[in-house]
Amino acid sequence: MTVHPPLEQIPADILAAADYEDRAAQHIPPPTLAWLAGGSGTEQTLRANREAFITVRITPRLLNNFQTASTCQSLCGTSLEHPILLAPVGHQQLLHTEAERAVARAADATGTCMVASTLSSLPLEDVCAATAASKWFQLYWQPRREDTLRLLSRAEAAGYQAIVLTLDTPVQALSRRAHIAGFRLPSDTPPNLAECKPLPQRALAPGQSILLHGMMSEAPDWDDLEWLVTQTRLPVLAKGVSHPADAVRLKTLGVAGQIVSNHGGRSLDGVPASLHCLAAVREAVGGNYPLLLDSGIRSGTDVFKALALGADAVLIGRLQGYALATAGALGVAHMLKLLREELEVCMALAGTPTLSDINPGCLMGD
Amino acid sequence: MTVHPPLEQIPADILAAADYEDRAAQHIPPPTLAWLAGGSGTEQTLRANREAFITVRITPRLLNNFQTASTCQSLCGTSLEHPILLAPVGHQQLLHTEAERAVARAADATGTCMVASTLSSLPLEDVCAATAASKWFQLYWQPRREDTLRLLSRAEAAGYQAIVLTLDTPVQALSRRAHIAGFRLPSDTPPNLAECKPLPQRALAPGQSILLHGMMSEAPDWDDLEWLVTQTRLPVLAKGVSHPADAVRLKTLGVAGQIVSNHGGRSLDGVPASLHCLAAVREAVGGNYPLLLDSGIRSGTDVFKALALGADAVLIGRLQGYALATAGALGVAHMLKLLREELEVCMALAGTPTLSDINPGCLMGD
Amino acid sequence: MTVHPPLEQIPADILAAADYEDRAAQHIPPPTLAWLAGGSGTEQTLRANREAFITVRITPRLLNNFQTASTCQSLCGTSLEHPILLAPVGHQQLLHTEAERAVARAADATGTCMVASTLSSLPLEDVCAATAASKWFQLYWQPRREDTLRLLSRAEAAGYQAIVLTLDTPVQALSRRAHIAGFRLPSDTPPNLAECKPLPQRALAPGQSILLHGMMSEAPDWDDLEWLVTQTRLPVLAKGVSHPADAVRLKTLGVAGQIVSNHGGRSLDGVPASLHCLAAVREAVGGNYPLLLDSGIRSGTDVFKALALGADAVLIGRLQGYALATAGALGVAHMLKLLREELEVCMALAGTPTLSDINPGCLMGD
Amino acid sequence: MTVHPPLEQIPADILAAADYEDRAAQHIPPPTLAWLAGGSGTEQTLRANREAFITVRITPRLLNNFQTASTCQSLCGTSLEHPILLAPVGHQQLLHTEAERAVARAADATGTCMVASTLSSLPLEDVCAATAASKWFQLYWQPRREDTLRLLSRAEAAGYQAIVLTLDTPVQALSRRAHIAGFRLPSDTPPNLAECKPLPQRALAPGQSILLHGMMSEAPDWDDLEWLVTQTRLPVLAKGVSHPADAVRLKTLGVAGQIVSNHGGRSLDGVPASLHCLAAVREAVGGNYPLLLDSGIRSGTDVFKALALGADAVLIGRLQGYALATAGALGVAHMLKLLREELEVCMALAGTPTLSDINPGCLMGD
């Protein structure tokens, strides 16, 4: 199967943001596609994320007046034209030669807030410089605190407006699909981590396990989190929240906002759809506290459903990768435009002129 | 694939009204069929409409006496021999050269009330003249009030007995199936709208959206509805109701009856099956208030289920189009006869001699 | 496809009673098979009958003592070695040249109670004479009371021990599968009805329907039922009950026992699985009142489930026809032996030595 | 299809314990595979066992500290490094020439407790001698008490640490899949039973059944169980429990622990998934009482789910057979290593450092 170069213009048969998924298969080598599209284990959670959106139903409402309509939102001091952010996606050079720079330009063109990944193919400073729109930096905790601090300082210096700390992958679950397709991550250290060094190998006592005593000893714990939020003037958001009790504790410790997410079905297989966790987390943290969702969104209708269940905004991961591979910055910008229009059609037909009109009462069982 | 001309007689293998769906594929060009059969988005709501009927179960009852059996009904001053109306379907010339005239003749032959569409291929006066049976006129709100008034006056003058105002499509959702099949609506202005002129293009302020600020500014709001019901001596029914609160407000404002409908899955994809909305709407508006259902009905058993859940009558859209394309007026009349017989078999086996015997107690879960 | 003559011995690959279903396809002409196997409409109820059994789960129980084990049952004065009866199946000459005589001999050989149909291919007297085991006569109400009385007298004189009055088919629903396969019932009047004459054609008033005013005027009503039970010294059972209120009224009017049934999915399509109606009917009529189930049973496990949900016994229809066509009397006897063994395995593993130990507590959700 | 000899090394495409299922098909003759993989009847319970695990969802928890992490467990006086035991599987010579000796060596290498079967291909003394790890002996009740006693004495003398009495198969249900594939058990008496003699054939009275009066008279009852627990100094566990009342009675009679199991879907078809029985049994027997689960486990995630629903440990049957046939002792050891790692990944991502942290609160609906 031939892999086609990225397109210079948008093909006429892309009618919906979700269409980038099928189309991208022509522009991504199969092993890379398996990595981008696949989930961990037997992909139960990957499927659950999608099914969760499908079972939610929006109630049509009639005759409301839209003179004061708006999709604007403000989160952690960042003003957004619309509640759709670009999720952190690492290693974008695998998808397009322009990598994160293309995504940053698409964000710039569409007024979208981008979350740059610790594992980006380009240095965080280069990504930041490529967009005048809002941007946040996604941080993976490093085993040495000084390495974590250095990433924080660089993000602050570059001009990022918030830190998104990913907490849901202290150990990495296997993507069978990617493994079977022969996918391997690039062997080069990602540029943001060039100065970080691994800890010296830790000797395990008899009966100790590499996973539980080895890897988990390098993962952050509640003390580390408490320390981290004091080390930066930027708001720190936590990514990967599912349980209300974790959400409450994070909020109490000064975390400025949270992203309900199961890493798009790429962390533990067998966990619930993130959409199903959202309402309980919102209930636990109360209103007036920034809450985002990622995992499973493929349309503006899905965005509406997430907002109705308690999210202030959403992040787009896989569709970002598909659009990037299909048509570079142009593709990502077009995908975002479609998502926004799809959201607006929902708002029009659900009778909700502003985001604050979107609430659980807009949904029905079927 | 060859498109066959309409048949002159009913084929022997049409045993049920629903059989017109399969058969029609031989008589409708594929793009037109995609337009008629398809729903918006990924057709979740189109499927939900059908599944809703399948999950409802009718309870057989024994030994009731049928000497006083009847399928008669009276709605908004219109007497009906049976509770099955012909839904407004526009552009019928796409399906048969006789267009709405054939449907009107079928209505005439079977004593069925027809609802003529604003977007009919023939002028509303011609449609009206072709049937001596009851008929209602379906109205799309026009951006200029004088255009709306002119349509009202013409409908009154022609002899329609009620106005059906469609409210569920202030913006039009995309039918992917029709788009992909290459379907385009006729470029001619429908004859009923020949005298209507579009509003001058409205300049959008920076950050305003074509959808939310452009199109939605031409859609009717509650004030428009309140004005409209005072402008005609005919009863006004509202079509496209899903939420009980909208139903109550419409009733309070003088709307004479309502049609629970999601436009057959052609408006917002992802809304609930209309059948699932019916009981709550009936509960909200109370008894003794005309309530109809369309969206998803393909058999007399479905009609029975809708009546049991609170409808006084139902409207038939797609089956009308399929029967029209298959065998013109004869096909539509035969399809209506089958639907009525299927309803009567249900009534016989559910032990309900009259429509007022059909209530939620006739249904069971499974 | 060749239709093979009935087998002289049981093939080695028939391991379970249900295997006769597949096997019978080699011994029944396709139109006849469509008639025997099919249900009405789109066969929703036919499928629901099967799915209902599959969703019920039996709880294994341990270590109970089986010294006093027994499968005996007594119903309406009839002693049964096991709770599995042969349901009334008409027109058995379509399946085997020996017709009901073969079934009667199988009943004789296995101590099974047979219910002979009004529509049997052989006269009711011949069927009765062919078995020394218990037998009941199934009665279809005839439009003239004298015809009904004559059938009653003949059944009494022949030696039947009970009358089973079928109530669930006052109008006949269409079997699409049989119609499409070209099946036609034999044109000869069934021998039991040779002396019955149709009523003179009734003139319908304008607006009256063949179904609701024509056919339904020939169906029995509550007054007819009340009259009927006074016309015979035999116990009268009612077949085709689904609703608890009908069950209570029938019991009050002197009906001696009832069969919960939807005619195996052959009457109204869209009614619930009969198994799902059983518990509510048992609750309504109380204990110590004969209640049977047919519709959907294909194994001894299914028999156990029906007993656990309130049935005292079950009737076997389609499997009877499949076994008859496959191997005549031998096939029917073998099928009954397998069913009984399957029931006994269930009893052993559910820890229930007698039928009276089988109750709702033997079941669990899953 | 060629049957390949067992592999000398682990193939690279076995990424998860469950992969041994597919792989084993290359190393097991089809009839033997049908016997190992199949369930009784129509395999409803076999499927239910798997579906039960799939519908349970694990909740991810964040930032817990794992310094004191451990997978250790102690059951009936046996210390376990991890809560995964090898279930009793008879006739292992059908799968590998080294039979139970290979399994015993794998248990030895991985510190796993093995449960040796009464029906093992090798004498129980030989199996015991092949592993220095903990081992239990599975006992089938023998019709003569002296035969049962002899097995107990041999197990004690050989050095087994507990007796596992299987109670769920007083009569054997048919495996259609194995029968159709032509599978026959070895005609030789299993070596552990060489000294046991069948009871003289018992004459059945007229109307008595081979199943209910013949076979069931040789099965143990509550009196036998009560006697048995007094005949050995070893703890006796009961295998095959589903109902809470049986569990309570067994505990009261001195049974030291229990295994919730439906024999992997090999006993009565149509019983619930064992996972669905677990919580009620745990509730009934209270905490601090050894409870294990088998039936349906194919991954470490499944192990975690069973522990969360109340099990202290689990037993692995089919995967043991698949791994044995694929690569002998090496395969079984590798399969166990994978299962343990999969469990550890779950523990890491569910935030549960020890087995006692795993409770129903770790699960969510979806």
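The chains carry the letters A, B, C and D, assigned in the order they are written, with residues numbered from 1 in each.
FYI, a residue touches a chain if its C-beta (ideal position, glycine included) is under 8 Å from a C-beta of that chain, and two chains touch if they have at least 3 such contacts.
What you are looking at is a predicted structure, and each value in this text was computed from that prediction instead of being measured.
Taken over every residue number at the interface, the positions common to chain B and chain C amount to under half, indicating a different-residue contact. Taking each chain's centre as the mean of its CA atoms, C is the chain most distant from chain A. For the pair chain B and chain D, the distance between mean C-alpha positions equals 60 Å. Centroid to centroid, with C-alpha atoms defining each point, chain A and chain D lie 43 Å apart.
Chain B has no residue in contact with two or more other chains. Taken together, the touching pairs link the chains into one ring where each has two partners.
Pairs of chains meeting the touch criterion: A-B, A-D, B-C, C-D. By the touch criterion stated above, chain D contacts chain A in their complex at residues 13, 15-16, 54, 56-67, 69-72, 81, 299, 301, 305, 340-341, 344-350, 353, 364-366.
For chain C in complex with chain B, the residues that touch the partner chain are 41, 44, 48, 52, 167-168, 170-171, 173-174, 176, 179-180, 207, 209, 211-213, 215-217, 219-225, 238, 240-243, 246, 250, 262, 267-273, 276-277.
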